[in-house]
Amino acid sequence: MMAFCIAQIPQWLAEPGLQHFLIISAILFSLGLLAVITRRNVIMVLMGIELILNAANINFIAFTRYSTLSLEGHLIALFVIILAAAEAAIALAIVLNIYQRFSTVNVDEISTLRE
Amino acid sequence: MDLYAIFFYFFGLLTVASAFVVVFARNIVHSAFALMFTFFGVAALYVLLYADFIAVTQLLVYVGGILVLIIFGVMLTTKVFSVEVKTGTLNVLPATLFTAIIAGMLIFVFYVTDWNIIPDQEWDTTVYGIGALLVNDFILPMQVAGVLLLVAMIGAVMMAARERSKS
Amino acid sequence: MEFSIFGIGILTWVVFLPVLGMIVVLLLPKGSGLAIRVTTVVATGLQLLLAGLIFAKFDRSWLGINDPESFQFVEMYRWITVEAVPWVGRIEINYFLGIDGLSVLMVILTALICFIGAISSWNIERLEKGYFALYLLLATGMMGVFVALDFFLFFVFWEVMLLPMYFLIGIWGGARREYAAIKFFIYTFVGSVLMLIVMLALYFSVTYVDPATGEKVHTFNLLMMMDPGNYEPGSVLFGVDTTWRYAAWILLFIGFAIKIPLFPFHTWLPDAHVEAPTPISVILAGVLLKMGTYGLLRISYPIFPDATVHYMYPMAILGVISIIYGALCAMAQTDFKKLIAYSSVSHMGIVVLGMAALNTQGMVGAVLQMFNHGTITAMLFLIVGVVYDRTHKRGLNDFGGLANQMPKYTGVVMVAFFAALGLPGLSGFVSELFSFLGAFDTFRTLAIISVSGIVLTAAYMLWTLQRVFLGQLPEQYKNLPDLSTREMITFVPLAVIVIFLGVYPAPAIELMNASLSYLVEVVRAGGEFAIIP
Amino acid sequence: MTSDTLIQFALYILFLPLLGFVALIFFGKRLPRQGDWFGTGILGITLILSFIILFVKLISYPAETFISQFTWIDFGDVPFIGPISIELGIMLDNLSVIMLVVVTLVSFLVHLFSIGYMQGDVRYSRYFAYLGLFSFSMLGIVITHNFLMMYIFWELVGLSSYLLIGHWYEKKSASDAAKKAFIVNRIGDAGMFIGIMILFVTFSTFTFEKIFDSIAIGMIPFGSEAWLTAAGILIFCGAIGKSAQFPLHTWLPDAMEGPTPVSALIHAATMVAAGVYLIARTFAIMTGDALMVITYIGAITAFIAATIAITQFDIKKVLAYSTISQLGYMVMALGTGAYTAGFFHLVTHASFKAGLFLGSGSVIHAMHEALHNKHDHRTDPQDIRNLGGLRNKMPITYLTFLIFTLAISGVPLTSGFLSKDEILAGTLGFASVTGHYLIPFIAFIVAGMTAFYMFRIFILTFHGNHAEPSRLNDIHESPAVMTIPLIVFAAFSIWIFYSFNPFGATSGWFYFAIDRPMSVVPSVVQPVAADIFKEAVHHSHTLAMILSIAIAGLGILFAFVVYHFRKLDADNLAKAAGPFYNLSYNKWRFDEMYDKSVVNGTMGLSNLSAWFDNYIIDGIVNGSATITRWWSKFTGRFDNVVIDGLVNFSAYFTGFSGLILRKFQSGKVQTYIVFVIFSIIVFFFIFRTF
């Protein structure tokens, strides 16, 4: 099966289908994940999260377009966007409070809850 | 290579590149701005996928709302002098390794599985479909989303108010 | 044959009368020494009376041994029934008493010895309430063993007898009493453990169809165990001459041999006797030693006739060794009680020899010897008691010339000593005669060897008589008082029995003739019997 | 006088002494004169009754035997054997009737004598009680009709001899002698018991009658003659023990420790004769070989005892050895087949030997009194070297003693001559038939020696001058109650009571009453046939008489030469005899031999077994106890170290691993996410399907 896929790569590249969108979302997801893990700054972590959510939306929309998932994919994407907004708002409010209190936004320095 | 492919590769590349910048930028302000481009790229992809209403919402909410919030966040928390803008990283090596493996896995899976592709169909605007679904099948999530947003707002306001009383 | 007083069978009365006495003794206030002693004597006296009644009403012609109809004074009540025990079904243990020719003599002996023991323990001072209570419990235990026909009940009484004995030796004994008591207890306990194993094996092999419900029920009933028909085909002890049956017989034999005591297992006896107080060693020698041989006759012989015939010769050899070895050891002792203990080993060897001969004269001789040895050795220990109470010394060389100082006492001693060495005209001779006649009939050379035993017995008995009673009287014993009336009461009945049974033993022999002949037939039928030169 | 009155009289004779014994034991002290006349009276009655039985039996019922028996124990129908029942009872035939008279006569006279002899003894009444017991058991032996009762009374006789020998038990030597007597007898009885067992096992009865009849019809023990011979010899063992024959004779000389009348009664006339009586009673079942063994044992005993008697100095020891020798004579006679002669010698010997003992008793009694007056307790009244010259001081004792000595040495006109002559004729006849000439040779030599040693003590005690002349005037004749028995015995030692012709006993009433019983033994092992034997005896009768008179005369002459006329000095004669003298003087060292071998052997064995018992068997028991204790200690320690160790280790391990794992819980969310991703990757690879 592997041999079959490699032979058709040039022709595959020509017309972007479902798989291409999935690959882009995969890349976006990994980068978001990378950001969440490696960055010490809380806001960077938030950005990472936003990237991950977008990757997810791309998948939903791609499936609605290419596969059997009807318009519901769009609706889910919509709700994801709504929630992302709410989440970003609250997150930032928290971050500001932390910043106010601890004057730092680095994740590993905020460790008062940990003994 | 029809037009569709060209647009796809262009916007795809845009999104991925800006995502790279977001992640690997030393300066947090640069990554914030790079984020904007990422959102635009994504919205473009939605258009390519005939999801017009979602593309617009994307633009409105993400670029208009969330991005602005993040930038506020950045600006408020990075005193140009005390907190150096450069953000540090921790245990980078294992994280990048694992993320690369995850990406490889996902790409491999997406590439290998033969999806259930349905033949093309005529796409026209999806707004009416979305609207009908919203008020018929998804009426409960709609309301809950509404309540949620309200709660989020009150929460944000509460935290902000407490800030002033303390300082 | 039924006989009950106030609705309760006479055997239950005989067994549990001492327990009533014990309860009364326990209720009495601490200080009332006399009342305690009187209750004990009355209880054992009544028991003796009942034993006399049994002797009178006993029907000599009934056979007993293994056919349930011909046991006398039978009492059978359901005692323990446990329903539906997993993979075993119903467990049924019944309170089954009965006597036949074999056990009637033992019942009379136990009653007599307990009565005499009660009188002779008159001057026990320490913790008298505890002493007499335990004494009566011991009496019940012993009597129970001789009348129980259910293996479980037999085993319970066997253990009930063991405990008070341990305390009686352990608390009221002599210098090394703890060692002796523990040794006695553990030794006998090992024996009873072996017996328990065989009991369980038998229990699981024997079943009988319950007439009411028609289901197969396991049972402890000895008489059921004797009938080969009741054995489950696949069970452990099924069949004839199987190695399991031999193993079971050997285990039982070891268990009982410890009690007899037989040659290799006898070392507990001298210690137990030396340390036990006089009345207790009277009981120990008078009755306890008979349980071993009685057990063999009641359980091993009828249930495993094939194994009995198979191991007849080794058993006889052990008997002969006991006779010779016991006599030789007795000759080398310097302690009066130890000497008599070893003489008991020798006399019980004669019982085993008689039993192993598997013919009527041998069997009658053996059971009569059990009875005679009981009475004679009881007298011997009472004699030691008399001397020990006066001088607190037991060494044979500490005394001399007591004959002219205590004439009545010497008269009694003469009767006891000459009965012990088997002088004709006294009971010891009659039973030895028949045991040797029986033994001679089956194993000639063994009987000839064991006859040398009577010469050895004569030697050490007369030597003891000479060292203690003849010769010069040491001055410190110038004022030793002769026998008191109480002591005379303990001696006279025994002396009368010893002389009467010596002259005319028919009443005792008639009692057991039928049963023992029948036992011989049962055992001989079990295996192929061979006359060994 | 019908037969059942005879039986009744016999029962009275048997049980009267027992009554006497019981009465004297319990009420001895309270009876007048402590019951001595009471005991003697009882024996007097039994004597009269037995005389009556003797005359009635011999005159009106010479050939019958009266038996009355009762069932002692009935075993019913014994499996595999058939009905067994044991009967006890009495039997009166000529043999037992004569023995009755002998026993009661001697017993009565000894009772009479003891009244004088035992005056003032500390246990006077008990002495007479024991005499009564002895008489009862001896009479029991005489009139029993079965082996079992014979064995019972056999042991009772042993018991009463034990009690009487040990009468003065303050002396250790007396109690030792009594113990020795009883044990040696017991050894003999054990042999007899085995013999009886052999017979009982085959015939399942003890009665003589039944056993003799069943052997006659061919039933023999275990189907072989060898066992019948064995049974015969084993029963003879009982006789060896009781009549002090060769291997078991050492107890009789020691038994002289008892009072002299006891020696007279028991160790001269009755008890020791019981062995001979037993052989006579069971003569019918004795096979040829058994009789041969009996003959030789008798001969050896006679010879040994005679040689020892020559050199002894204690008067009672000499008489004791002479008794053993005479018993050997009787046994030899029975063995050779001279049945009536043997039994006749028993009867005559009873009277003169009892007389001899009583004579020596009265001498000792007199000497004792003399020494007592002199308060000299050192010199031994029994040693003949301290005696001498009592002839005119004690005339009656002297005369009766002379008659007894003549009788025992077989001088004509005495009863001893009649019986000894018959025996010598018998031995000659036996030799001529069977060729064993050693037997008559020994018989004649012993006859000579007997004459020599008897006259030796006679001369040394009565003739010559007294060792201590000052003592002579204190010695005087014993009182009447002691001399009357002597006179009666002297009378019975004359020939007239037994047969009118002083030289031929066979014509007397005795030979008419007693004759040799038919042997029931199967023909192949028959002893010498009766008629051939009688024929041979008749031939050698005259030769035997001449020879016996000659040898007796020689013996007497030699004794006079050495001791009366002092021609040859006794001491240098002893030196000349050298080793033989020492051998004889030390009683052939039997006692030492037995002590070393049997007695020390048993004692050694008993100590060994006691040691074995204490250390080996008890060792094993205690050893097992220590091993169990050690094992429990080991398990205790094992339990602490190993199992506890494991428990502690596991606790420690948990703590340790907890410490390590705590590090992972660092509180950094991002590290958790890294773990999550890591595990996703791992799961992906685990469940991959490509």
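In this document, chain identifiers A, B, C and D correspond to the written order of the chains, with residue numbering beginning at 1 in each.
Definition applied: a residue touches a chain if its C-beta (ideal position, glycine included) is under 8 Å from a C-beta of that chain, and two chains touch if they have at least 3 such contacts.
Computed from a predicted structure; not experimentally measured.
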Greatest separation from subunit B - chain, by CA centre: D
Separation of subunit B from subunit C, taking each centre as the mean of its C-alpha atoms, in whole Å: 105
Cα-centroid distance, subunit A relative to subunit B, in whole angstrom: 6
Inter-centroid spacing, subunit D versus subunit B (mean Cα positions, whole Å): 135
Distance from subunit D to subunit A - Cα centre to Cα centre, in angstrom: 129
Per-residue overlap in subunit D, given as positions that touch at least 2 other chains: 668, 670, 674, 677, 690
Of all residues in subunit B, the ones touching two or more other chains: 90-91, 95, 99, 102, 112
Where subunit A touches two or more other chains at once, by residue number: 1, 33, 37-38, 108
Touching pairs among all chains present in the structure: A-B, A-D, B-D, C-D
Sites on subunit A touched by subunit B in the complex: 1, 5, 14-24, 26-35, 37-41, 43-44, 46-48, 50-51, 54, 57-58, 61-62, 64-68, 71-72, 74-75, 77-79, 81-90, 92-97, 99-100, 103-106, 108
Residue ranges of subunit B touching subunit A (in the complex, touch as defined): 1-2, 4-5, 8-9, 12, 15-16, 19-20, 22-23, 28, 31-32, 35, 38-39, 42, 45-46, 49-51, 53-54, 57-58, 61-62, 65-66, 69-70, 72-74, 76-77, 82-83, 87-92, 95-96, 99-100, 102-103, 106-107, 110-112, 115-118, 123, 126, 129-130, 133-134, 137-138, 141, 145, 148-149, 152-153, 155-156, 159-160, 162-163, 166-167
Subunit B to subunit D touching residues, read off their complex: 90-91, 94-95, 98-99, 101-102, 105, 112
Subunit D residues within the subunit C interface of the complex: 25, 72-81, 84, 122, 148, 151-156, 159, 162, 166, 169-170, 172, 175-176, 179, 182-183, 186-187, 190, 193-194, 197-198, 200-201, 602-603, 605-611, 613, 617-618, 621
Of subunit A, residues touching subunit D in the complex: 1, 33, 36-38, 107-108, 111, 113-114
